[in-house]
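The following blocks contain the structures, represented as structure tokens.
Here chain A shows up in two complexes: once beside chain B, once beside chain C.
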Partner chain A sequence: MVDIFPKAKQVDVMLLLEGTFPYVSGGVSSWVHQIIKGFPDLDFGAVFIGSKADEYGEIKYALPPNLKHLQVHYLHDEHITPPVAPCAGDPHGFEILQRLHSWFANPHPDGLPAELKQASFYLKAKGGVDYSQFLYADRSWQYICSLYRERCTDPSFVDYFWTVRNMHAPIWQLAAIAGSLIPARAYHTVSTGYAGFLGGLLHHHAERPLILSEHGIYTKERRIDIFNNEWIQDNRNAMQRDPTEISYFRDLWIRFFETLGRFCYDASGQIVSLYEGVRQRQISDGALPEKISVVPNGIDVARFAPLRTARPAKPPKVLALLGRVVPIKDVKTYIRAIRVLVNHIPELEGWVVGPDGEDPEYAAECRALVLSLDLADCVRFTGFMNPVDLFPQIGLLVLSSISEGLPLVALEGFAAGVPLVSTDVGACRQLIEGVGEQDQALGVAGAVVPINNPQALAVACLSLLQNQQAWDQASQAAITRVETFYTQQQMFARYHALYQEALS
Partner chain B sequence: MAGIGFELRKLMKGDSYSSLLMAYAYAGIISSGPWVLSIIAVLLIGLISLPVVIPALLVSKFQTVVTYLIAFSLILTGLVQLSFTRYSADRIFEKEHYRLLPNLNGLLLVVIVVSGLFSYPIGLLAFPQQSLFFRLLFAATFVVLCCVWVTAILLSGLKAYKAILVNFALGYGSALLLAFLLRHGNLEGLLLAFLAGQFILLLGMFWVVFRGYPSRIFIEFDFMGSGRMYRSLMLTGLFYNLGIWMDKFIFWIHPVTGSNVIGPLRASLVYDLPVFLAYLAIIPGMAVFLVRIETDFVEFYDRFYDAVREGGSLSYIQEMKDEMVRVAREGLYDIVKIQAIATIVVIVAGRKLLQWAGISEIHLPLLSIQVVATGFQVVLLGLLNIFFYLDKRNRVLLLTALFTVLNLGLTLLSIWMGPYYYGYGFALALMVTIAIGMALLDYDLGKLEYETFMLQ
Partner chain C sequence: MSSLKLLIYALLSEQSALLSIFGTQPVWQRVFFFLAAHLLASVLFSLLLTASFPKRFISSRKGLLGLFFSFNFFVPVFGALGTLLLLLYFKWFLKEAERTEFSNVPLPPFLAESADLGSGMGEGGAWSRLRTLDLPRELRLKALLSVGTSSGHNSSRLLQHATGDSDDEIRLLAFNLHERQEQKIQQTISAELHELKTAETPELKASVCRNLAFSYWEMVYSALAQDDLRDFFVEQAAKYAEQALQLDAKNPALLVLVARIYLQKRDYKLASETIQKALSEGADPLKVLPYQAELAFYERDFKTVRRLLQQDATIRFRPGIGPVAQFWGVR
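Right, the complex of A and B next:
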């Protein structure tokens, strides 16, 4: 593959992006794009970390001119392993690894062995543990065996062995990236996980500050992945299995990502949460409260303001769920709610606005559900639409998700005066009802309903659509809230301060 | 064709001493049958012709010619014996049974051409005193012998020991019968009988292969493709056969111990007879070897790798490894024990046995040490087989090459030291090779799990 991306000798801010910008479109990617464009005076660099090259198509964003450097790495591609070479392994290096694992089991501040913070630990054969030693050293083997005996509750050794190997292999790839990356004055990672670990290594290696912005909670999202993942083995037999206890290997993966997260929290000078819920979670996952600040997303309100008048005076009887057609968005609950709504308002339409290529099986199930509920005339899968075109045509924005962060589409809808009916996930309640006295005084910008409850969702939508006064009130609250708390200018101001401090 | 291990286990199911004895007897016949038959047949051909018209000198000429033909055909085909066995095993593992027959044909064509290129010029040029018929027989027998070894090695790779045995009995039986009929035909008559017997043996084995592994393709050279035959195995096969014959060659060539028999072919009056008799004494060792390796060792070997692949716990994997080590050790010890008994019998009753067979007692000291040495050879065979199971091809190459060199050096040394030391060179070469092999096996088994998981 020819690398056509820009390359620089050094940058001001190096962004560490795992599975987002510029290859994946979505809230976080848009936010990254927005940040780079928002600071045209700074030179940005970016490291994209993906799983496998063939899972990503073309890049989805025009690269801003101040993105001076972009390099792409895939962790789960058939990467080049060093030639098989049996060796004993460096005694000192493995001793440090043992101390590391006991630190993971009993984390306490300042306990992390200093040697481990250096990328060179993972790259040198003497005094460290390089990739070849991890793969082939006798000490590595002995260590894996002793951990299996000590901890593993799943009988299958071969599965344990390969789980441990696959899980840890990216660490050496990341260390190699850290060792060869161009210098930057500050590092900014947009998640924990592998990108966060890379950020931690870079921080210790280059002794430059690391900023962590967390939109969702990486470990929580991983947890959902891991629970849904069938390739993670569970070899306990009926007698050994305790249904209340998850498979050991699932648990191992979860703890691994939690550990990567802790390493990143430990290395970060500033931790930014998108909303209060994220902050609470970060603290419980081991981040120090004094490092954390809450900076919500902000949008370019001016872009959407003209749309308020483009809408007919009476709100259209059209609902829109704006998002990818994937299980996490729980599109099925939305479709069931439309069934209830159409019983009351026969002319009502429910749109699903977003790409459906990511999980074709789920998308097909949704279409089948539409047919079986006799909604073929009422539910439309429109595919991707420009929000600017969409918002004047709809009366309500709906989110039936089982997990959200602080959804940008909600803010954009607000700016266009579209109220939101959402499940009580992520920052949605905060967006609809407000936090703090001043915010709450602005009123309710829609309605909050429990997850997986089509009846409640339908009732909430109905009361807004059939009550012009309530709708007008919600629309006004939405506009005022976004203009007061969620503007791009406010967000840029906060990040300006963070960057200033980090770059000095 | 059911594997030999399966049949042996079936025999031992009876769980009584008689069934155990049956199993060992069966294993003994299966494993030692072919070469016991060939040694006995060659001796018998000589015996039945002796009282008739042929002078004793002609009989020893015949035996020398056959010995040379066998030795050099084994060494030449040694290049492909192990490598083609491995090739066949790999094809069977990949369920490509239809590849066996056409590639055997392909290999035989190559073997015929190469062995013919050696044997015809040598046969025609090296025996100016002999008739043209003898020279042609000499060359043809070499080619047919080469084909016999290649086909037999394929069948033994398929564990079709019974089929091999039956065909050897058939082939050498015919040779014997023909030798009796042609006993007035001088050297040519005996050699023709031998050649015809070999040809029948070859056809019989062909029949087994053609029937057991039919194919739509007649001839194919897939085995010559890159990565199809392991070079290390080719060298190993060569060294193994060269090593085993090295001491005999030296005794033939050395002016002190060897003398001309026919044309350029030499024999050693002092060395040859005790050596070939000693090979008859390893039947019990071979039986133990077959039973121990093919049943007990393979059982735990399979369990070990099943546990690795199918998610056994580490302690179970290690337990199976320990069992494997135990069975390997017991197998090798058992070979040593049974050969020790054979040795004691030969030392105690050797004089009587030699008298009874009408052989001079001069040979007794050499026979005693040769029985010890051939017993070692079985141990080495067992050791090499375990290395093959562990896929340690380089170890086997190292050991066989070492053995060849040691056998060369120590045999020369033994001749230089005098008649009292004859045979000690061969025995010592084997002993040193086994000692080093044991140390390597110990090291490798210690690292087995590590290498299985980390270094594959």
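Right, the complex of A and C next:
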């Protein structure tokens, strides 16, 4: 494959991106795009980490001119095992590896053993443990066997062996990336996980600062995925199984991602949260409070302000869920709420505005749900629409998500005067009701409802759509709030200071 | 009176009975004295034995008393000797052997493989843990995982409750478990709706409509929808049941479903008529019985409720309806 991406020999800020910009559209990707464009004086680089190339389509964003370097790595596609080469394994390297595992079991406040912070540990055959040793060395086999005997409560050694192998393989891939990446004056990751681990390695390897901007909590989202996926085996029989306990392999995966998260928190000099809730969670997950600052998202209000006059005086009987058609957005609850609403307002329409290619199976389920609820004439899957075209046509913006950060679409809707009805997730309550005396005095910019509750969602929408005064007040509160607290200029000012410190 | 005194009187009575046989009085007097003293000794011995007998084995005190009395009275002398031996046994050996009901045994190897055997958790335990917000997250997650392994309306309600939890992780997990339960039924509905478009023969169409009616009803029965959405599912179930009945009017299972839909809609007259129709078409009377009882309850005819529930000897052991039947005095 020909590498058509821009290349440079050095950049100011290297962004480390996992499953987001430029291949996936969404809030985080838009934010990354916004940040790069917002600092035209800085040369940015980006490392995109994905799973498999065929899971991503074309690049979704126009690459800004100051994105001078982009390299793309697919962990599954690039997982090429070296030729089989039997060896004993470096005794010193494996001794350090054992210390690493002890540290994972009982993290010490002084942090990781120094040798393990270096990418070179994973790349060199002498004094370290390279990928070939991890796969083929006698010591590696013996170490895995001893850990199985000591810790594993699942009866299948075969599953244990392959779980350990598959789980750890990306570590060596990421170390290889860290070892060969062009120099940067600072590293900036937008999540923990693999990107965060790469950031930690780069920080120690190049001795340059690492900034972490965490929009959601990566570890929490992986944890939920692991709880629910079907492919992680549980080989215990009915007598061995306790319904209140998760299986050993699920627990192993959760601990793995928690460890990656701790490694990233440990390496980061500055940790940015979008709102107070994320900050608290980061602290409970091991981040030091003094490193964390809260910087909410901000938008270009001027871009959306002209839309206010283009909107009809009465609320249009059209609702829009603006987001990707993926399970985390809980589009199904939105569709169910439309069913309830149509009983009261037969001419009402519910639009699902966003790409549906990321999870085709879920998108198909949503379409099937529309048919089973007899809503074929009321619900439209419009695909991507420019918000500038969308906002004048809708009465309310709806977010039925089960997890959110601080959604940019909500801010954009606010700037256009569109009230928001949202589930009580992430910073949505803060956006709608305000936080602090001054903010709350601005009024309520919509309504907050519990997750997975179509009735509550429908009732909240109904009360705004059928009450002109409430709708007008919500619209005004939305405009004032975004203009006061969530402008792009405010966010850039905070990041300017962060970058100044990191680059100095 | 103490046991020792009773024992002395019993022994003296038995001794008197024995001595009276060898006396010089006329025969009828000796027989009379023997019987009187032996009767007294037998009563005293049987009282003593009953009092000493381990309580956990006593199901009927009168029966036990009768047994010991017979043993003593109809087996003179030897009965008394046997009683003495039994008393000694009860007094000394049972007292020494404070029997433990449970003893520790090593786990069999297939169980010992598991590092930690959990105690498990019922619905009640899970409710109480999930409602207690200040419990550690790990404990509440355990409760949720336990709920996730079961199904039915209680489980759905609990998961629905947990989706409103203040802890992000709890509510996300609850949401996913709830969604998984709903997804199974939703997939059936979608597949049947698709099938309905292509169904050509009346038999096939009737079968698809029947499946759709039951699937929509399952959403209601499993408490996977509330308020307006539940009403919509009830209407859909009624609509497809009606269509299926037009093609298969004598299907007793469908008629029972229609009756249940009428019950849900509180149309008791039609529900009652449909139940009768289902019964006349061969519906299992025992399966229909709870709905008839429910109808009687709404009509405040509590005698009929009790009478109906008592018609099924096994109803008290069935999950769901069992506790209801027991409440109404079904033994």
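Quick note on the criterion: the second predicted complex is superposed on the first by the 502 of 504 C-alpha atoms of A that agree within 3 Å, B and C clash if a C-alpha of one lies under 4 Å from a C-alpha of the other, contacts with A are read in each partner's own complex, and residues count from 1 in each chain.
Throughout what follows, a contact is a pair of C-beta atoms (placed from the backbone, for glycine too) under 8 Å apart; a residue touches a chain by one contact, two chains touch by 3 or more.
In this text, all values refer to a predicted model and were calculated from it rather than measured experimentally.
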item	value
Room on chain A for both chain B and chain C (clash or fit)	fit
Touching partner for A:136 - first (chain B), second (chain C), both, neither	first
Partner chain(s) touched by A:84 [first = chain B, second = chain C, both, neither]	first
Greater chain A contact set [chain C / chain B]	C
Touched partner set for A:212, first chain B, second chain C, both or neither	neither
Partner chain(s) touched by A:420 [first = chain B, second = chain C, both, neither]	neither
Touched partner set for A:155, first chain B, second chain C, both or neither	both
First (chain B), second (chain C), both or neither touched by A:402	second
Nearest Cα pair across chain B and chain C, whole Å	10
Chain C-contacting residues of chain A that also contact chain B	155
Chain C partner contacts - residues on chain A that touch it in the complex	153, 155, 220, 223-224, 227-228, 236-237, 239-240, 242-246, 277, 281, 327, 330, 332, 336, 339-340, 343, 365, 368-369, 371-374, 402-403, 425, 450-455, 458
Interfacial residue positions of chain A with respect to chain B in the complex	84, 86, 135-138, 140-141, 145, 148-149, 155-159, 161, 233, 235
Residue numbers on chain B that touch chain A, as the complex places them	308-315, 317, 447, 449-451, 453-455
Residues of chain C that touch chain A when the two form their complex	110-111, 113-118, 120-121, 142-143, 145-146, 148-149, 160, 163-164, 168-169, 171-173, 175-180, 183, 186-187, 189-190, 193, 225-229, 232, 236
